[in-house]
Structures are given as C-alpha cells and as structure tokens.
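What follows is a set of structures for review.
Next come two complexes built around subunit A: one with subunit B, the other with subunit C.
On to the complex of A and B.
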C-alpha cells in the first residue's frame, strides 16, 4: 500500500473534483464511492484500513476534523461512517464509509489517528454493536456494562428484561478501589456532586490534591433521543426533541441543527424573512446559554451564593422573557418548523422590538460589571490563567469545537465558515483567544455575547423595516415528507457549545432510517483528562466548568 | 475599666451568695450561662436569618420574607426544622470521635468569650473573667476548633471529609501564626496580655482633627496590622477567599459532608460562633473594645455592633470574592502573611522601642 507515500496537495486544480483528489490520495484503499448529499466525496473502505485512510486524509489532504462517527445496521451489513471536515474550511467534507460483516461486525478503530474516535466508537459499540479492533478502551459508554443487546441494532428486543443493579456491575464503593500499595486515592466525583453540572460521574485518582487520572462516566441522562427521533415523522414529530438536548435555554440553536439537516435532505427552501427571525432568536438563545455558562463557572470558582451567579441569572431572565414573547415558551421552544418558523413576531411588533432593544442597550453596562466582578478580579485570574491548558493540536484531535476550540486559538465557527441562515449577510466577528486556558474560555464566551448582540441588533433593524407584504414565515412544505430512500446527509450548525451536527439517512418512509446527533459537549468533555491531569482538584472543577457541558446533550 | 467588677462578682453580690468557692462557682456559672446564651442568640439570628438576608442583599435577591416581619419568624421555624431532622450516622464512622467533633467545634468557640470584655450594659460590666494572660487564652481555645474539625473529618470515613480535614489543618496552621504574631504587635503597645488592659490603652485620644478626637484604637494606630489580622481572620473562620476546607463545589462540604441534623447544626453553630469570636477579638484588639460615643453603660451595644460589622465583612467577602486554590492558600499563608506579620512585629517593636 502506497498511501503513506502519496504526496498530494489539498489544492483543487481546475477540472479535478474533490472526489478525484480523494480517490487519488487513497488509491486502492477505496472499494467504491457512494452518494452523499453534502460530502464532496463518500468513499467505502475495507474495515481493516480505517487508520490508513483517515491518516492519509488528514495528513495529505488536510481533513483534520473527525466531526462525527455514525454507526448503523442494515439488512446485510453494519456500517461506520467517519465524517471528516477541515478546521480551516468545514465545507470541505469527506465521508469514509466502513462496512462490516453481519456475522462478525469487526472494524478497525480510528482512535490512534483521532483521539475523539475513542468515545464515538464506544458509543457505536454500545448502541449499534460494532466491535472496534485496536480500541484502547472497548467498554460501553452510555449504557451500563451489563446491558443485554445493542438498542439501535436490528435484532434488539426491547421487551427483554434488563436486570442491572449498581452493586452487581460496578459498585463505586466496593473495597477493591482501595489499593493498599499505592499512594494514590480513588475518588468518585459525582454523579451527585455540586460541581458536575448535572449527573456526571468523574472517576478520579488523586495523588494528594493532585489529579493523577480522570475517567468521565457518562450516560446517566441517556434518554434514547436518537431512537425517539427515528420514531417520529420528519414534518412535526421530531422538532420538539432538540430542545431537550442542550436544555439550558439553547433550544432554538438545537432546533436549527435538525431543521438544517432535514431541509437539506428534503430540499426545502426557507423564506428570507424566516431566516432573519431564526438568526435573531438563535442568537438570543446563545446569549442566554453563555450567561448560564458564565454564572455556573463563577459558582465553580467562587463558591456558592455569589453575586455573579445571581447577576447572570437575572440578566438571562430578561432574554427568557423576550423568547417567551416570541415563542410562547421559556425553555422548550419548539419554534422552528421545516421551511421556516412557527409564527411571526408577536403583535404589537413595536413592543417586542422595544423590549429587545432595551435589553441590547443595557447589555454593555452589564458586561462591564461582569468584567469588574469576574475577569478583572485578581484572585480569579490567579485561579484561571494558565490552568486547564488545551493545546490547539490536542483540541483538534479531540474534535473540540465552539468556545472551547476558539479559546485555544482555533478559528472555527460554522456560522461564518459554513454559512446558513442570515449570518453571511450580517456584520459580526468570530472571537478567538490564544490563551488555551480556563480564563480564555470565559473571555471568549463573554465576547461572543457582544457579537451575538451585534447580530440581534442588525436583525431587529431588518425586521423593523421588512415590507409588510413579504413576511412569509414558512415555505410550502408537503404534509408528509418522504425523502428518497438511502439519501443521507450530515449537517451541522454552530450551537452554543459548538458544532451540533445531525446525520440523517432516509429509508424512504416518513421517518428517518437513522438519526444521529453529533453533540459538541460529547466531544468537548473528552478533553477533560488532557486539561486536568497533573493539576489540582480545584482546577479540575474549574476546567469542567469552563467546558460548559450540558449532560442532556452529552448523553442524549 | 479594669478595676470594675466582673459579671460573676456582680451577680454574686446582687443575689447575696457567700464569698466561697461554691458561691463564686454558682455565680460564675450563671454569668457564663447568660453570656453564652447571648452569643448563641446572635448565632441563632445570624445563621437562619441574617446570613440569608445579607447574602440576598449582595446578590440581588429577597430571601426569607414569609414568616413574621422581615421574615424573622423563620428563625424558630428553622431551628425546629434543623433539630427535628433525622440524624443519620453512616456505618463506618469512628465513634466517639465522630460525635465529639461537632461538640468541640462549637464548644471551643464559646470558651473564648469568657475573657472578652464586652463593655457595660446599664450597671453591669459584661466580662466573665479577666486573667492576666487573657489574649493567650483566647488564641489557645480558638485553635482547639481545629482539633474538632480534624476529628470530624477523619472520623467520618468519607474521602471528601478527609480532604476537608487535611485542608482545614493546613489552613489553620498556616494562618494561626500570622494571626498570633499580629496580635503580639498589639501587645507590644499595651505591654499587657490582659484583655481589659488592652481595651483601656485604646481609650486615649490619638489626634484631634477639627474638634473630632480620634481614639487611639489600634486599627488607627497600626492599620497595617489591622488589615493583616482581618485577612488572617477570614482564613481562620474559613470564609472566602479562604473557604477551602468546605469548598462546596470542590469537595462537597469538606469535613461536614457526613453530618446531619443536630450534629450539622452544632458544626454550623461553631462556625458562626467562631466568626463572632473573631469579631470579638478584632473589636478588643483593634477597635477599642466596647468604646464608642455615648455613656459607658451602652458599651455593650457598641461591642455588638462591632462584632456584627465583622460578620458583615465575612459575608461580603463570601458573596464577592473568588476562592483561592489550596496551594495558593498555603503560599499566601507561608510566603506572604507570615513574612508580612514578622515585618509588622519587628517594625512595631522598633517603633515602640524608639518612642518609649
């Protein structure tokens, strides 16, 4: 195999498509190619050539972002799809499809090439049942180790009893955690702990106060979101679910992820007016989510009952009121529809605009206050600067996105790089910081709030002047959507926490054949070990807080 | 003031008990009972009510307002609630250390009030005892609390408790020394460890500016020592930025993780008593004890205002200041506070030597 020696430049010459380039780079590794709605190339490779293929794509063609790993079972085979992008240009997408045999679903692990594959493949094993060779840690991830069957597999029997008691499979208090020889101490942080931001269990090994090893144990909030989406019809029954992924007022951003994927799949246009409303409401959600991130991070570093936390919640409340006026809901908005939004701005419009403008006017003074209270505080700086370091290369390997990646200097924001909605018509900037530490992640979020405010202001301007006879909020969408069988797409949006992607494969019915959620928190949380090993417990807590995870989205 | 009758003596003569060991003992017991009750009452107000109201004011909330005027009725309701909760004692705890810990934490703080001159209230002079080594005694009993915390943390058979106990020891050792050294710099001025004497020295006028005479409280004489003492005291009572031993977001609740019901109340009571004792020491050493405008017979009110002022300060710090990390805490303690307090002691010694 000559893959390693191939020296291709990622530039595309005239007349040569990306697919040709990819085929050229990969040589005989590729068995066939497939159709994929938005990937430039979709190649099928043998299950024992995953690592070669991915490293060739990464090293020779610059596909350095393993965005999503989707596993699924067909009548005749299993399939793992590695969806790859470039951090520099996420519109450059390649899907690597790895079929595995039905009798012996074994596929090579991609973990040695991309660290993020670790958790993604564990999930694929857990839910679908593909075994990954060479995987360093082949355990289940969302379900308990004693679970019978693989829930997204075809022969899974939902009615078979699952008898799983904690003490039977993994009693965290059992005695063999105590190693008499070692100087280290095993400590369960969570699932019930004040700083885990939900039900997260971090198995920690301490050397004194220093963190020697962390192993996040997730899945406590697994609600079968993917399966529920597979059981709902495209048109109406899926949209309420995204609000429940990242449930801390970032719902509209999540809804957009589904809307974008489904509209791409079913080829639905969205009226411009609706796009502006979508953009505005999504950015309102982003501010609300970042406020919460800021407030809870302050809790982690300051302690409980601090002024900052309450201030952040007070200001978030204003946004919630605006969103409630717009959508009728405070958290579970269910506001987007395929092809637009549910309804127009509330009447009287002037009142809504005024309320929004009031909020935007007060925002700079409030942010100033936060800077005085938080980022300007010397003790805070002492705590956060140069702790929880996440180097850019490491962040990329783990597929980190969103503020976490941007605080490590990775200039990656899908709103600009893979434009959707109305973002490319508006004037705003992507915020990056080079600090790679907890402090930078806070700063990035606070500055993003300012940028979001800029976007909202421009949207309000546009909406105010929008001609009355051109306010179409939804395009004509058939009552029943049945995309072509085997049409597949992977689409992502920039949610509050980063790249929230949806993979949908249609099976020709009005319900998705496979619905996969690529959660930004899932990938970001994987970096926790890199950030906190060798640092103190308080830094571990601060790093966890700075990742701003929502377990609803991690576990889905 | 030093010549004034102490509280037990006043009680003994008022009731007409004989001047025997038994009579003195009974009078002392009654006096201690009264002073202890007042302090516990302060704690009762501070814990369920004042703390909530103060933090709420800092954090833009309303807090307790359902029962009685200003929500004051929440105090008996909360007391009843806390005391009637189930006392859960985990299986593997090391008794009786587990049971004694909370008692020592609360008790040691109460002992300290024995020598604090709390000023006059009407005809009474509220001070239980005035030994010549008063200041040494008060520092000594205040640090017994560390023993209680250690017992509580170690006996709880919980890793978070143990981390909390270890942190508490490290913190108390690191900050007790600057605290005592800074206290010693005051003693250099007063030439006495007797509490009433320390207060008496501060009654003289320092300077008179535009007709307003400023007393020679040591907070004015040596503001540097005052600042040092306030900071060390924050660490001593474990409030932000030094609430490391509890650090709820890091180690759940530290040494008190496994305590519930009455034991929990005792530990909390001890913490608040310690804040008030810290306030009492600060008032005595730096703020002229019970001195203030008006007749001496309302001195106790001034004293109360001062210790509540210190309490307010701790709550303010708690609401607004981030927590430092354990290694930073130790570093600040040994490399910063200790050096500064030695410098303060030396400079004060020089100054006193030159003047005297």
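On to the complex of A and C.
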C-alpha cells in the first residue's frame, strides 16, 4: 500500500485538522508553520519556549514520544527539530522547529520535559554546535572532549589537526562520601571488555557491590555515518551504509529505514512483489539479530563461550546461508534499491523455498532447546527475574522502543502501528510482556522470533504462488534523484532494536542536505542508569546485555 | 592412574590388570608417537632452538578477545561452530591482553579509540602479532573520508597480515591466520613501519595553535595522540 494514504486519513476524517488543534493548544507560542512531508503539523517556536511547547503537546495532546532531535545549520540560522509522536498511535506526528541565531546559537533544553533529550541534545551540540540552555550535562558525547569544532556545522575544516587524550578517569562521587563510613570505588568497564558488546565504555562507581553511578561513555565507534550519507547520492551510494549501522546481520531492516524515508521523499512506489520479498528478508534478519542478542546475553550471564552461545551462532549460520543465497553477501547485504530490491529470488526458486522452509520447520524445536537451556534454567531465572527494572513511564520518557519497550508493557510496534511493506496483510502478533525486567526482555525477543517465523512462512507461501508475469522487483526510478529543495521527512521502521528513523532534508541536489539517523540503541542505552543504579554490579552487566545494543548504531 | 575405573576396597588388582592390558604384550611403547616412528629409533630431533620456538609460537596462538565493529561479528563466527578457528591452533580467545599473543583488529578505528587500542596493544607481551581484519583496518574502508576515522590500523600499530573484505568471510580470516602462522614459523616478523600516530605526553608536543588552545585543558603529563588529518593518506 502506498505510504501517503496513511498520512492523509486522520486529517480528512477529523474535519478539524491536527494542525489546527496543535495551533489551538499552543496559542501564540507558535511563530509560523512549515511544510513537512509526514508530520501532521510542523510548528516553529522561539528558542526560549521549547519546554512550554513540548510539555503542552505532551500533556494536552498526548504526544508522549520524543522520537528524534535533529540539529542542522543553514546559511542564516541553526535549527533543532523535535519530532514527536504518540506511543498509542505513531502516525500522529508533530514537528517542533526551533531556530537559533547564527552568532549565538542558544536554545532551551528539552531535558526537563523528556529525559531522552539529554543525549540527543548533547549530540546536537557535539556535531552541529548548538548550545542548550538548562542542559544538565552539556558535554560532548560522540567526539572526544578535546575536539575542536563541530563537524556537521558549515565551516568545519576536516583537515585541521586534533588531539585526543588518554587520561585516567576521575571518580565523580569521591567527594560525596568523604565523611561517610562508606567508600566508593571507580570502575572502568570497557572500552575493551567482552561484556560491553563492542567498544562501549561504562564509567561505574561502586559502593561495595552496589552500583552508585553509571555513565555510559560512547563514541568509540563514531564512524561519521551521517556525513557519509550526506556525501552520497540518493540512488546508489547511500544504501550500503545502513548495513553497517546495526551490523549484527540486521542490515536489511536498516536498509528499509533509508528506503522508506527516501521513497517517501521522492514519491516512489514499490511493487507488491518486492514488498513481499522485503518483508521476508527483513524478518530473516530480525531472527538473526535476535539470535545474536540471545547468544551474547547468555554469554554475559553464564560467562564464557557456553552451549547457548554456540547454538545461537549455529542457527545464525543457517540464516546467513539463506540470506547469502538471496543477496550474495553474508552480512552487508546491500539488497534494497529505491523502489524495490536488487534482484529476484535465486534460481531454482524451489531450492530456496525448501531451504527456508527447512529452517522454519526446525525452528520450534530449537527454540524449545533454548528455553530448556536458558529461560527454564533456575540460575538464569535468579539472575534475571526482577533485576534491571524499567518502568513503562520511565521507558517512555527516555524514548525507549523495540523489545526494550515491549518488555515494559508498552504496546508499540511500527510494523503494526505505522504499517509499511506487506505487514498489514499478514497474520502475526505484537509480543509484549509486563515484567519490565531482564527476563522479560529475553522472553520478548524469543517470542518475536516465533512471530517472525510466522511472517516468513506466509511470505514464502505468497512468493511460491506468485504469478510469473507479475514479478516486478523494481519500479521505474530515475537514475539521478533530485527531490524538491527543502522537502523534509522523518520516517521510521521497526528495526531489530526498535524504532530506526531517518530524517532527510533535501537541498535540491542529488545528495541529502541533512541526513540524520535516529537510532533505537542510542535512546535505549540511556535507560541503563535507571535500570542499574542501586542494583548489584552483576545485574548491571545483565541489564546491559538485555538492552541488546550495537555500538555501530549507538555511535553511528 | 586411570580414573575411569571404579575402585573398590584396597586391592590394586584391578589397576594392575588394566595397566597390563593397556601395555599389551612385549615392549612398552606407550610413549612412542607416530612422529617418533617416522624419525626412526632416536628419541631426539635436532633443530635450532629459534626454529623450534617459532614452530611452537605459530602452533599455539592465544587470540585476544577484541571486538570493534561489524567485522567482529564475522570474527565471532570464525571462532564459533562451523568455522571453528580452534582447529588451526588459534582458537583460545583471551579476555586480557596480558595473556594474548595475537590481536585481530576487527573494525573501524576512530579517533577516540586509537589511543585505547594502542594501550591494549602495548599491554600484550612480546612477541606479539597483529591481524588487520577488513578494509577499515587497511584504509578506513567505507568510512575513509570520515572526519573521525583513522585511515587504517597501521597508522597506530604495526600490522602483520591484512585480510581484505568488508567484512572478510570467515574462510578469509582463517586463511589470514594460517598465513600468519606460516610467517611466524618461518621467523618472519612484520615490517617496521613508521607510525604517524604515537602516544606522547602532552607537554612534549610541538607548540602550535591546537596545542595552545588546549593547554589549559590538558595536563602536561597526560598522554595524548595527535592526528594530522591533512597528512593522512
């Protein structure tokens, strides 16, 4: 189905448009309104009224999900865009645009309203150079503290030398405990540590065995993904990069995020046949990603390379083989094209279907085995049940999505709530759990694997029956895409870790003017402090594992 | 003493029985290996000590458990079921650099990480070997033009073997490791390269604009790395 239809409907039905309602609620705070391709309303407010505007929108109109904060620099001004949604209905979207002056880019921080704004605004400061007033912690986040300049700003010189220090970290709580009986100890976890799933650095302060303070220090894998995408042309040069954001074989899910945003921007239709292939391959990726999450979580909780870990990798190999047949690569698929997919299913098709069906057939038995090994294991339960609690309200305030949110009882899945691809034609369920703990997060992932298997099975059925003369894999897309200047869109898909959104602003050329990635892991990781402060240190490791972050996506 | 036989009471009959059975008739040749058979009756092999050490080094490599980016996922696959790097005398991932001989650098190195990687490398005992995995460790790979990306691992530490690919398949990594073993067994070591990026004390750095600007932020004694992006390849 076309993407445009879903957006228009609420406006037409309501009679009073969402924009009117928003204007009503906000009164004279609004300076003007702007065009935004998919937000129902896009309002411009003064930089000192950010908090008022956002809290009005949240409290009076139910926009309780601050999905993305995009900062950018124009010739004459800076701009922060707060993209808001509703957890109950993510198709209700409002963009709040906050311009700031060129000489003194100061804007009010949204952190007191939405906790998630903390990191998002730090990133905006780091990369673009907007200062946020009232921000509790205005440090750089992705680049080292000693960095000079703001790389996504306009007059940044990439060739200027930089100095990066290797210093020891200070215990931030040392002075709090001077006359106390208790003593604190500072502990570095990472950036090279097996339990951090990559190059995350967690500055931890321990009081005895309890965690007194955690501060995830990220940026050890900040590979300038946004810059790379801004330097690439829409048609071909951007698509390889999404594979490298969430690189645990979730590539196709990420490609879909870019494809969806760009197709929306340039108004491209995708043939139905391609949508089915997309849906199938994306769900295969989801299983692979969740398997890795499961395996590494077992690694964190049980330690060392145990059976669960090896089993998970055994199953991933099978999926990777199927995907390799389909796309030609084991990990970096580069399979989507704007307007479809790169090529049709491999010949002979029967063989491919058989292989996929074999995998699906064996899956229930394998999952049973996983349940025996981990979820049914008493030690595992002791470690995971009721540890790392994340209350739904807290999760919402941090903008948590994906399995992390669903394990806290938040029924939010873009595949169902903001349908794309072929999902709304298929029969499957969104999995939620109310436990809010580490255990629920694992269970949600395992059940999602079952749901994904259901989806794949239905897609395989469809593809098998698909009439041979109707197998269009790509629609006609011009070689060079030049969307209208100043068209902007924010589009998200449900990736393995949650809402993966892309903001693109076109500047009239064949390359995006601004390309911003809203990564689910970035938001999810922020909840680590809430989950682990006051808990034991081993629970911190379990919580970190249950968040299932990928540093490539956190740092981008 | 064999432990798989249940021993009851104090009698040692059973033990002697099994030992006799194992030894069989005639000469005791339990300690004879195939190798010895091949070499004839002499229990000695004459070789140069260096050569022997190289052979030992290559045949028992402890890898550092070190993950950076996408390539590390393929590296884990190489360690795990199916590809099983262990089959090639190279499969014991050690979590601590102090116990490792070989470091596989699997991914993109960015400015913030390079000093830490250097530190990890420095902590490994000599002799140590480096396998660069993926295009990122050769040149920065797909991110070569990024403002924050080091243009290859060789800018920071010496690299013995480069395995190209993005990511290299597990088979390619296995091949790379095998090549490394071959080199080690032949006593070859990595070429000494001039590394553009070294850790040095901030106070020792040449004074220029950036250093002046940071002078009140960074302590003289603090170790720092200076990136001259303009001179990068």
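Here, the second predicted complex is superposed on the first by the 526 of 556 C-alpha atoms of A that agree within 3 Å, B and C clash if a C-alpha of one lies under 4 Å from a C-alpha of the other, contacts with A are read in each partner's own complex, and residues count from 1 in each chain.
As a working rule, a residue touches a chain if its C-beta (ideal position, glycine included) is under 8 Å from a C-beta of that chain, and two chains touch if they have at least 3 such contacts.
Bear in mind the structure is a predicted one, so any value in this text is a computation, not a measurement.
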What's your read, subunit B or subunit C touching more residues of subunit A? C
In the overlay, answer first, second, both or neither for which of subunit B and subunit C A:151 touches. second
Thinking of the overlay built on chain A, is A:187 touched by subunit B (first), by subunit C (second), by both, or by neither? first
After superposition on the shared chain, which partner residues are touched by A:382: those of subunit B (first), subunit C (second), both, or neither? first
Once the shared chain is lined up, is A:163 touching subunit B (first), subunit C (second), both, or neither of them? second
Please work out whether A:537 is in contact with subunit B alone, subunit C alone, both, or neither, and reply first, second, both or neither. first
Thinking of the overlay built on chain A, is A:306 touched by subunit B (first), by subunit C (second), by both, or by neither? first
Contacts of A:256 with subunit B and subunit C, given as first, second, both or neither: neither
Touch check for A:241: first (subunit B), second (subunit C), both, or neither? second
So, does A:373 touch the first partner subunit B, the second partner subunit C, both, or neither? first
Output the subunit A positions appearing in both contact lists, the one against subunit B and the one against subunit C. 193-194, 305, 309-311, 314
For the complex, which residues does subunit A have touching subunit B? 185, 187, 193-195, 209, 298-307, 309-311, 314, 373, 377, 379-380, 382-383, 536-539, 541
Please output the residues of subunit B touching subunit A within their complex, sorted ascending. 55, 58-61, 159-160, 163, 240-241, 243, 247-252, 318-328
Subunit C residues touching subunit A - in the complex, by the definition given at the top: 65-70, 72-74, 76-77, 79-82, 93, 95, 97, 107-108, 110-120, 142-143, 145-149, 166-167, 169, 199, 202, 205, 208, 210-211, 213-214, 217-219, 222-230
Interface residues, subunit A side, partner subunit C - complex: 143-148, 151, 156, 158-167, 191-194, 197-199, 219-225, 227-228, 231, 240-241, 243-244, 247-249, 292, 305, 309-311, 313-314, 316-317, 320, 330-332, 551-552
